[in-house]
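In the two complexes below, chain A is the common chain; its partner is chain B in one and chain C in the other.
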Partner chain A sequence: MGESVSDVIVLDHVSKRYGDFVAVHDANFSIATGEFFAMLGPSGCGKTTTLKMIAGFEQPTAGRVMLDGIDVSDVPPYKRNVNTVFQQYALFPHMSVFDNVAFGPRSKKVDESKIKTSVMEMLEIVRLNDFAQRKPSQLSGGQQQRVALARALVNYPSALLLDEPLAALDLKLREAMQIELKRIQREVGISFIFVTHDQGEALTMSDRIAVMSQGHVEQIGTPQEIYRSPASLFVAGFIGSANLLPGTVQSHDGADAVVALKAGSAIRVAGQASAHAIGAHVSVMLRPERLRPSEQADANGQSLQGTLTDLVFQGATARMIVRLADGTELTCLADSSARMPQIAVGATMNVSWGADCGYILAGWPEKAGSNTTDIDHIESTL
Partner chain B sequence: MTATVVRQNRIARNADRVGLGAMIVASICLVALGTRLVSGPMVSVIVLVLILDLVGVLVLAARGGPEARRLLAPYGLLKPGMLWLALFFLAPVWSLIRISLSTKESRFSVNYDFNWAFQNYTKAFSDFGSQFQRAFLYAAIATVLTILIGYPLAYVIAFRGGKYKNILLGLVVIPFFTSYLIRTIAWSTILADRGFVVRAMNAVGLGNVFEWLHIMDNGKLLNTPAAVIGGLTYNFLPFMLLPIYVSLEKIDINLVNAAGDLYSSATRAFRKVVLPLSIPGVFAGTLLTFIPAAGDFVNAQFLGNPNTTMIGNSIQDQFLKQNNYPVASAMAAVLMVSIATLVLLYTRIFGTEDLA
Partner chain C sequence: MMRKRTKYGRYALNVFAGLGLVYLFAPIFFIVAFSFNKPKGNFNIAWQSFTFDNWLHPFAEESLTRALWKSIEIAAVSTFIATILGSLIAVALSRYKFRGSGGINLFLVLPLTTPEIVLGSSLATLFLGQNFIDFGMTTIIIAHVMFQVSFVALTVRARIRGFDWTLEQAAQDLGASPLRTFMKVTFPLILPGILAAGLLAFALSIDDFIITFFNSGPVQTFPLQIYGASRVRIPPQINVLASMILFLSVAILMTATIAGMRKSAEKQATAKKFKLLHRK
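Presenting the complex of A and B:
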């Protein structure tokens, strides 16, 4: 692992077990100063436990947590220079907004006159300076969220930890707060590490994302990397939606791989021959927006034929569900402003794609065809 | 508009006033009957007024339409409680004050003449001043002790009880399924001069220490002020513990975590977050403990001696043994007013808007 001087937090082979249950297995990554870093995964994947280990509310059972280059694994939360924004904000209900924000500096016995300036400054940044004397119960959810941010940021921590910071807000407010969070983060230049189960949120805000599943870090990368070249079938299905088509590598053609799909045809995937040996069981990932609906089959064989079972107009896009002969369902997201072929539900149609659109992943998926993260489902299991 | 609608609107316009008026009239009737202010044929008149009042409102509600019923409903719901208070609180208080300003017709009479006899109050203060002082002192000490014992106990149950929370709370409450008297008398056995507590204390040499602390008196634990205060503390502990527990239990553990996250040590987190948020519980517990403890006579009776009598004992004595109702009433009135004043002061100083 490349530890650089600018890394504010380093997780050095950190694990956490509760009895036989492994909550976090060998997390090994670092977070740079000023980075907006997301830990993303379904509930129970270990992301919150990892956050708590950074905050100091939990101790790792193996490995080290380094903060600003110093091992803090055994340092209690109140002696760590990180602050947390709690999921339900945990604002002190008996204190005014001002006193809430001033709580940290007062704990550190900062001069009261300096506290006043820095608190008002921070309230200015979160745009709540007119609310300093209100009680938290007199504020809306979004305002409470910003008080929680100000209360943490006023201490200028090395890193700010956010535990599902937007989960308690409704959709509109959540979208507004995503932009607001990003603005505040740029303004203060402090690393934000936030935990979320919402892939949309992670993609929108983060510089880098760690995708976690069952205690393992599956992949770390920029949103683009993770979306375009997921490291595993899990990541492919969890981030955005993906059509996963199982098959076998049939041959290599220069840099391209030719994959014989279980669905029948053999297709070409550009530039991935070296990573997958001939005969390997693989899946070809096709993002729905890269698929083109057409009446005719593609001349180069980069297409599949099926029946249109559902067509949903969504404004800018139209979602088409296409069932192949073997029952596999593909999702195709077509630009609704482009000239779309006139296909009725129930009619036979083709979906095609360029050779550079596919991406090969090792292994066969549990469910062939369309895999979508159902946010509602995840939320209901929280 | 039909005649019915006109009538209903007329009733609805006045329903608010009529509802309130009828409630007040009914309460006055009950107080008059309860205090026996009226006699002879007037009693029948008052009863008639009361019946007309109650039935009248029902008739009005029946004929008044939905709007009138909506306006009358709150008074209808208030009425049972209001009338109950009129008959069983206002009327007795009225009688109490009246008797406290009366004199007996003769030494053995049970009849009293109301004649603004303020000497009853003078007598209450001059003869029973020390009992008043003792009652408030003992009650205050017992209240402080219940806080000192109850708060840590409630804290541990609320924050460290885990799955045993309910069992622990049950253990606190279970002794109180037994009668108050029996429990107090049981303490007189426990603290008895030849009981195991006194013997154990002396055996380990704690007797002298307790003697020095004025907890024991000439080798006795029973029939001392300490025993009375101890009894009060024991008997009122749950009334302190439960409100404190409720207010502590409501505190989100994340608030404590947040304080820790914001560089507070455990002590500071307790002082700045947990304690202020649990003050409403302490406040409620104090009222529930101090008020009954100040008027208590059971503990002083069974655990005290003639020099530890509290005002409750004296009032009971004057009422039931000396048969001196006027002075007993004056004492009861003074006790009531003093407690009300102390509680008002206390509320002013420590009061919280959200008394929960």
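Presenting the complex of A and C:
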């Protein structure tokens, strides 16, 4: 593992069990200073438990948690230089906004005159300086969220932990707060570690993402890496939507691999021969937005033929559902401004893609064809 | 036809409720009224004539006054002890899951369901069985704490049922030691519940007769004094002091209610403001 001086947090083979249940299995990664790091996964994947181990509310059953190069595995939360923004904010209802924010410095016995300036400074950063004397119950959800942020950041922690901080906000406010969070993070330059189950949120906000599932860290990488080259079928299905086509590696052609799909035809995937042996069970991932509808089949074997079963105009894009001969359904997200072939629902058509658009993953998916966890897309097709 | 019947029904209900209130308040009314009576002889039980004398000299009956102060002293000490113990039990029961919490729950309810005569006599037997403690203030206070703890623990627990324990995590996360967390966050937030429980415990202690009777030794509390004196004489000062206690409790109750109403009114006002802002 590449530990470096600039790493704020290092999880050194950290595991957490509750009896027989493994909540986190061998988490082993580090987070750099000033990084916006997301832990992403469905509920129960262990992301919150990992966050609690960093904060100190849970102790790892194996491995070490390092903060600023020091093992803090047995250090209680009130002696760790990290702060948390809780999911429901957990603002102290009997204190004013000012007293809430001043709680941390006062616990550390900072001079009261210094507290006043740093609290007001922080309230300015979150744009709440006019609300210092209000009680939390007199604030809106978004304002409470910003108080929680200020209350944590005023301590100048080594890292800020955020537990699903946007989950309690409605959609519009959530989008505004995403931008706001990013701005504040740039302004204070502190590492943000952000737990979310919303892949869109993770993709837009973070420098790096750790995708987790059932206690395992499936992949760590930049949003681009994770989106373009997911490490597993789970990651491919969880991040964005993906068409997953099961098949077998038929042959290697230079750097390219030729995959015989269960759906019938064989397709060529560029540059992935070395990673997958001939005869291996694999899936070819095709992102819906990389698929192009066409009337004719592609000459290079980069196309599939099927029946158009659904066509939904979505403004900038048009969503097409194409059913292949074996019943597998593909989703194709076409640019609606481009000249589209005149195809009616029920007609036979082709979908094709560029040579470098396919990506091979080991194993066969539970469900062949279109996979998606993207809630917005599901909602828009309802 | 239907309408008429409903009308009669409502009428009957009002009469019935009125009778219920009369039944509840008539004795209290008589206690207050007879504090203004000028009795003939030793027993203040028949109306003679109106006077302010009793209220001008409420502490004329020395033994009665002494008993009242004794009762207040006992109530203050026992309430103080019971409120601390009971609140800690309540916090422990709602905050943590631990082995034996079910048993503690059972033991908390037992003093409420056991007849007082059983509690009182068994405690007396316990105190009689050994000789390093004499009946008196100490035994009364021990006896009162015993049943007050249950009331306090159950009242506080009911009041903190919805308490958001992540607030404690938040405080610790911000660098507060467990002690500071309790003093600055948990305690101020559960204080109203503790105060309510304390008032209840105080009232129970002042009022208790049966358990005190078994464990008092030579000490005379207010209820014991009245009971003992009632066979020889019933001075009007009993009514005066009883009315004072009554007015004091009503005053405390009303302050608490008004404070509560003001708070919820404030909340509603802010909620309204928000709705208006949102509409804009």
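What we mean here is this: the second predicted complex is superposed on the first by the 373 of 382 C-alpha atoms of A that agree within 3 Å, B and C clash if a C-alpha of one lies under 4 Å from a C-alpha of the other, contacts with A are read in each partner's own complex, and residues count from 1 in each chain.
The rule is short, and it goes like this: a contact is a pair of C-beta atoms (placed from the backbone, for glycine too) under 8 Å apart; a residue touches a chain by one contact, two chains touch by 3 or more.
All figures in this text were calculated on a predicted structure; none of them were measured in a lab.
Asker: With the two complexes overlaid on their shared chain, look at chain A and say whether chain B and chain C clash or fit.
Answerer: Here the two partners, once superposed via chain A, clash with each other.
Asker: With the two structures laid over each other on chain A, which partner does A:Trp353 touch: chain B (first), chain C (second), both, or neither?
Answerer: So A:Trp353 meets neither chain B nor chain C here.
Asker: Where does A:Pro76 make contact in the superposed view: on chain B (first), on chain C (second), on both, or on neither?
Answerer: both
Asker: Taking the superposition on A as described, I'd like to know which of chain B and chain C A:Ala90 touches: first, second, both or neither.
Answerer: The answer is both, since A:Ala90 touches chain B and chain C.
Asker: Between chain B (first) and chain C (second), which does A:Phe192 come into contact with in this model arrangement: first, second, both, or neither?
Answerer: Once the two structures are laid over each other on A, A:Phe192 reaches no partner at all.
Asker: Under the stated touch criterion, which partner chain does A:Gln138 make contact with: chain B (first), chain C (second), both, or neither?
Answerer: So A:Gln138 only meets chain C here.
Asker: A:Phe238 contacts which: chain B (first), chain C (second), both, neither?
Answerer: After superposition on chain A, A:Phe238 lies in contact with neither partner.
Asker: Return first, second, both or neither, reflecting whether A:Phe103 touches chain B, chain C, both chains, or no partner chain.
Answerer: Once the two structures are laid over each other on A, A:Phe103 reaches both partners.
Asker: Quick check for you: in the superposed arrangement, does A:Phe36 touch first (chain B), second (chain C), both or neither?
Answerer: In the superposition, A:Phe36 touches no partner, neither chain B nor chain C.
Asker: If I apply the document's touch criterion, which positions on chain A are contacted by chain B in one structure and by chain C in the other?
Answerer: 55, 57, 76-79, 82-84, 86, 88, 90-94, 103-104, 107-108, 151-152, 155.
Asker: Which chain A residues qualify as touching chain C in the complex?
Answerer: So the residues of chain A touching chain C come out as 55-57, 76-79, 82-84, 86, 88, 90-94, 103-104, 107-108, 137-138, 140, 151-152, 155.
Asker: Given the complex with chain A, which residues does chain C contribute to the contact?
Answerer: These residues of chain C touch chain A: 164, 166-167, 169-178, 180-181, 184-185, 188-189, 267, 270, 274.
Asker: Tell me, which parts of chain B touch chain A in their complex?
Answerer: 252, 254-255, 257-265, 268, 272-273, 276-277
Asker: Across the complex, what residues on chain A touch chain B?
Answerer: Contact set of chain A toward chain B: 55, 57, 76-79, 82-84, 86, 88, 90-94, 103-104, 107-108, 151-152, 155.
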